[in-house]
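Presented below are the structures under discussion, each in the form of structure tokens.
Shared between the two complexes below is subunit A, which pairs with subunit B and subunit C, respectively.
Now for the complex of A and B:
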């Protein structure tokens, strides 16, 4: 204690800071950094969890490159992103734009749009799965049947299954994006709009010349946030296709589901680790692109 | 009268009523469409609850209000006993993880914000860089780690990866910026030690941020699926999402039972949201924009 007393204020601060940080730094090293390195290491090994760990060099990556399932999965993953991101961006902007101009029961409307964000993906995947069933079970097909349109086999068609699985993911995230957009709209100084009003500018010009350009940081945030979400889609796919995960014929299988399958059903740890490294690299590129976009402002 | 004809602004006023009527019509239409959209948004939730209150023979009927509402499904699902366990597991895990995040994320955020010490920048960048690492990449090493330490199929095994988050640390650091250094200096002169200053002076000033963080962490852990699915083996250790997923497969086409299970896992967060609505939305915006 007398040693502590003899320290200057500056040195006492250093002692306190590192006292506070000891446990957290240990946590980040052991639970974040070490496993990251470990995943990369395992990706260069051949290991089925029970047997020996052998060096495999680039074998896992070469295998991945030559695996038609991987390319199918890779394409699916980007399909989730390419449909999901623009769809939810445009939809949430339209809702936020109009909601922002509405006063009557404003917070009730906002609540309705936000509510799905508070649900659990697993629970809602099952609800939507039920919606998609054929007549006489599923809601959507019952509605189609009642207006005389032929049934759609939502979850068993290789073309429609992916958007069907994606729909609840877009639905659940929409409320969050609306709220973020509304905060962005509120942050635009009213003086811009007043000046436009005095100049007698039409609403379309106001929207394209003032609102959208000033919302750019908000849009970049939403695009990156939702892109990362869609690239990591798993809960919805797994639960809507439990009888044949990622099916039919791998048409809905995203990268994370392939990782899960390879590691915990096939116990091919090296191969699965190589897939996680690919996922990491994709997300890294997206994040760096975001930094780029933000910096050019 | 002639004045009215010449003066441009007054003629505009005269032209006003029909224009305003048109504008009101537009406003009304806008509201109606937004309302219809909002109702469509909550439909899946409403249908889930409605179906959970139906008898099996009525499930295939698409009417929203059950003819003879019943709690039979809830009794059946709860009698089974497993849902009690899963509910309790999820509640315990989400609560403990939230407490841990509130404590550690704010302690680290505070230290990085208010202390000057060698290594500060390095620690900050190191923690921030973990935001780039996807959970999915760590699942395999965490599994192996749990296996060698005997953490598989235990509460600690489910919880340990989420005890601190870079997102929370960054969020709290941002908010501690708004705490004036003078307050801290004054407390130091009053003879409080650094831990007391953080706990009794700084923490009460960032309560809104703590609440926002608590919402995010709790919701995230309540709904977490992939890691709990990987780390648990025995039915008793499942969390609600993992249990529900298996339950759905098991009862197969008994949709009223699946909807009941889904409702049990969703209703708690919905109720919390409806009570603290305004507050939660503000917190989400804060966390989303600052974090």
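Now for the complex of A and C:
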């Protein structure tokens, strides 16, 4: 106690700050950092969840490198990212841009766009899964069949299954991105637009010279946020393909689903942990690169 | 005051001693299984009659969702917690024994020679080095479900007895719309459901092959028989056009909706089919090959005593194991869950073997094979992909079969290394 009394006000403040910080720090150490470290450790071991853990050295990583399924899954994961992120960015910007100008039923429309974001991904994935079925139960194929167009195997195809699975995932995330974009648009001072009006410039110039540059921080946030989301895509894929998870022929399988399958169906925890470490590194590199690219000016 | 305290302490001690004596005479053991409504109900009933016969033993049942089951068991037993008697899938036995989670059943109570003689032969997979580690209460097998209303509508008298008849019957049951889209399948297919068992243990054998050799450690279906079996299977969709593997999302859903004439599934489906109103269905044995060869696939869940059970809890666990592997328990399991008795003496009773629903399954047990899986879902995936490569990528069946055999062998080698 006497030690505490001898401290200066500044030091006392530090002591108190750390006292309050201990709780979240401890929490994070126990539920985040310890499991992360443990996962990295397991990635160098052989463990079936029941028996002992045995050291395996780099075996899991070598196996990963030589596993054709991993490279397929790796490519799929990036396909989700490369199609999903730009698509959802452009779409959500267009919606937000026009919604911002609409006064008629503004809040109703905004709510409608936000609704999918609040819906459970599992429920949504199952509804879409049924939409995609063939005749006689699939909505889309029944429409196609009724106008005499041949059916499309949305989910049972090695080429269009991935975009089919991605579509509802993009739709689900749209509402959130629209809201963020609208907040970004509102944050642009109206004086810029007034000045542009006085100068008599067209909407295209206003859009490209004022709106988009000033939305840059918003876009950085959305790109990073949605990239991480698409790289970690799981629930939509898993629920739309539970019969043949990530199929057909691994054409929709993302990395997270492969990890899940290796760990909880194959009980090969070491191999699953090695995949997790790879995913972690990908996420880290992509996020850092995006932050750097989009912030540089 | 001091004296008062002393008496109090003494009283406390005696009551504690009494309490301990009480627990000594009444043992509580724990039983774990995964959650499946009918199984839990059946087990509750069994525990009740067991406790009535053994008033000094209480059994506490705990159940978990299937997805968490293995993780919880693995975490609990080494920590000295969890079950004394545990339920596990037959394919997990090696893992459990190796991890020292379960102990062998005492030979004086569970005489291996007697078990060999009394149980269906596939139960011998539970014997390692001459010692039984686990025993099932019930077993499951496959059979052909058929929709009686659709059969009548198509003018078909009886379910197909052979594979050729199966194709003809399926043709008669298939319906197309004006554009040629299938709106009713003759027979459901899907390697993702039970068909991988039907192909592996039934069709391959019926075409003259042996799917695995060396105690299921070596893939052997990459043969002429395997190819013939694969072609028979893919021809249903590609040549005869009597089925679609993706029809109505899941085979059992199509059958339940009355949009499928026939459906191959396990005995565990009986309960949920009974719940479908308006569906009139029958069961037949799986069709035989042209030369009369029959085969079936059987799987089961077993119960075992964990390494946590020691002393009097061990004795109680042995008694409980003995009861849940008894004839009486098997009949309860059949009546409540619809799973088949693991002993011919119970299963093959006049009433059971001639039961219109259970009969075909029970008769199938007599010639059933049990695949020893290293990793069932991964091995199933190879079958799914084998058919997928043919139907989606137009790969030559022989090549696809070869790819599947090599990939599965790789998985087996990794597991048994």
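Just so it is clear, the second predicted complex is superposed on the first by the 266 of 297 C-alpha atoms of A that agree within 3 Å, B and C clash if a C-alpha of one lies under 4 Å from a C-alpha of the other, contacts with A are read in each partner's own complex, and residues count from 1 in each chain.
In this section, a contact is a pair of C-beta atoms (placed from the backbone, for glycine too) under 8 Å apart; a residue touches a chain by one contact, two chains touch by 3 or more.
All of these numbers come straight from a predicted model, not from anything done at the bench.
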{"item": "Contacts of A:264 with subunit B and subunit C, given as first, second, both or neither", "value": "both"}
{"item": "Which superposed partner A:273 touches (first subunit B, second subunit C, both, neither)", "value": "first"}
{"item": "Broader residue contact with subunit A after superposition on the shared chain, subunit B or subunit C", "value": "B"}
{"item": "Subunit B versus subunit C as contact partner of A:290, first or second or both or neither", "value": "neither"}
{"item": "First, second, both or neither for A:23, with subunit B first and subunit C second", "value": "first"}
{"item": "First, second, both or neither for A:130, with subunit B first and subunit C second", "value": "both"}
{"item": "Contacts of A:118 with subunit B and subunit C, given as first, second, both or neither", "value": "first"}
{"item": "Residues of subunit A at both interfaces, subunit B in one complex, subunit C in the other", "value": "129-130, 133, 136-137, 243, 264"}
{"item": "Subunit A to subunit B touching residues, read off their complex", "value": "10, 12-14, 16-18, 20-21, 23-25, 27-28, 31-36, 38-39, 42, 95, 98-99, 101-102, 104-105, 107-124, 126-131, 133, 136-137, 139, 142-143, 168, 171, 174-176, 179-180, 183, 221, 225, 232, 234-235, 238-239, 242-243, 256, 259-260, 263-264, 269, 272-273, 276-277, 279-280, 283-284, 287"}
{"item": "Residues of subunit A touching subunit C in the complex", "value": "48-52, 129-130, 133-137, 145, 148, 150-151, 153, 155-158, 243-244, 247-250, 261, 264-267"}
{"item": "Subunit A contact footprint on subunit B (complex, rising order)", "value": "27, 30-31, 33-35, 37-39, 41-42, 44-45, 47-48, 51, 59-60, 62, 104, 107-108, 110-111, 115-120, 123, 126-127, 130, 132-134, 136-145, 160-161, 163-164, 169, 194-195, 198, 219, 222-223, 225-226, 230, 240-242, 244-245, 248-249, 253, 255, 258-259, 261-263, 265-266, 269-270, 272-274, 277-278, 281, 284-285, 288-289"}
{"item": "Interface residues, subunit C side, partner subunit A - complex", "value": "67, 70-71, 73-74, 95-96, 98-99, 101, 177, 179, 181-183, 190, 192-193, 244-250, 259, 375, 377-378, 381, 384-385, 388-389, 392-393"}
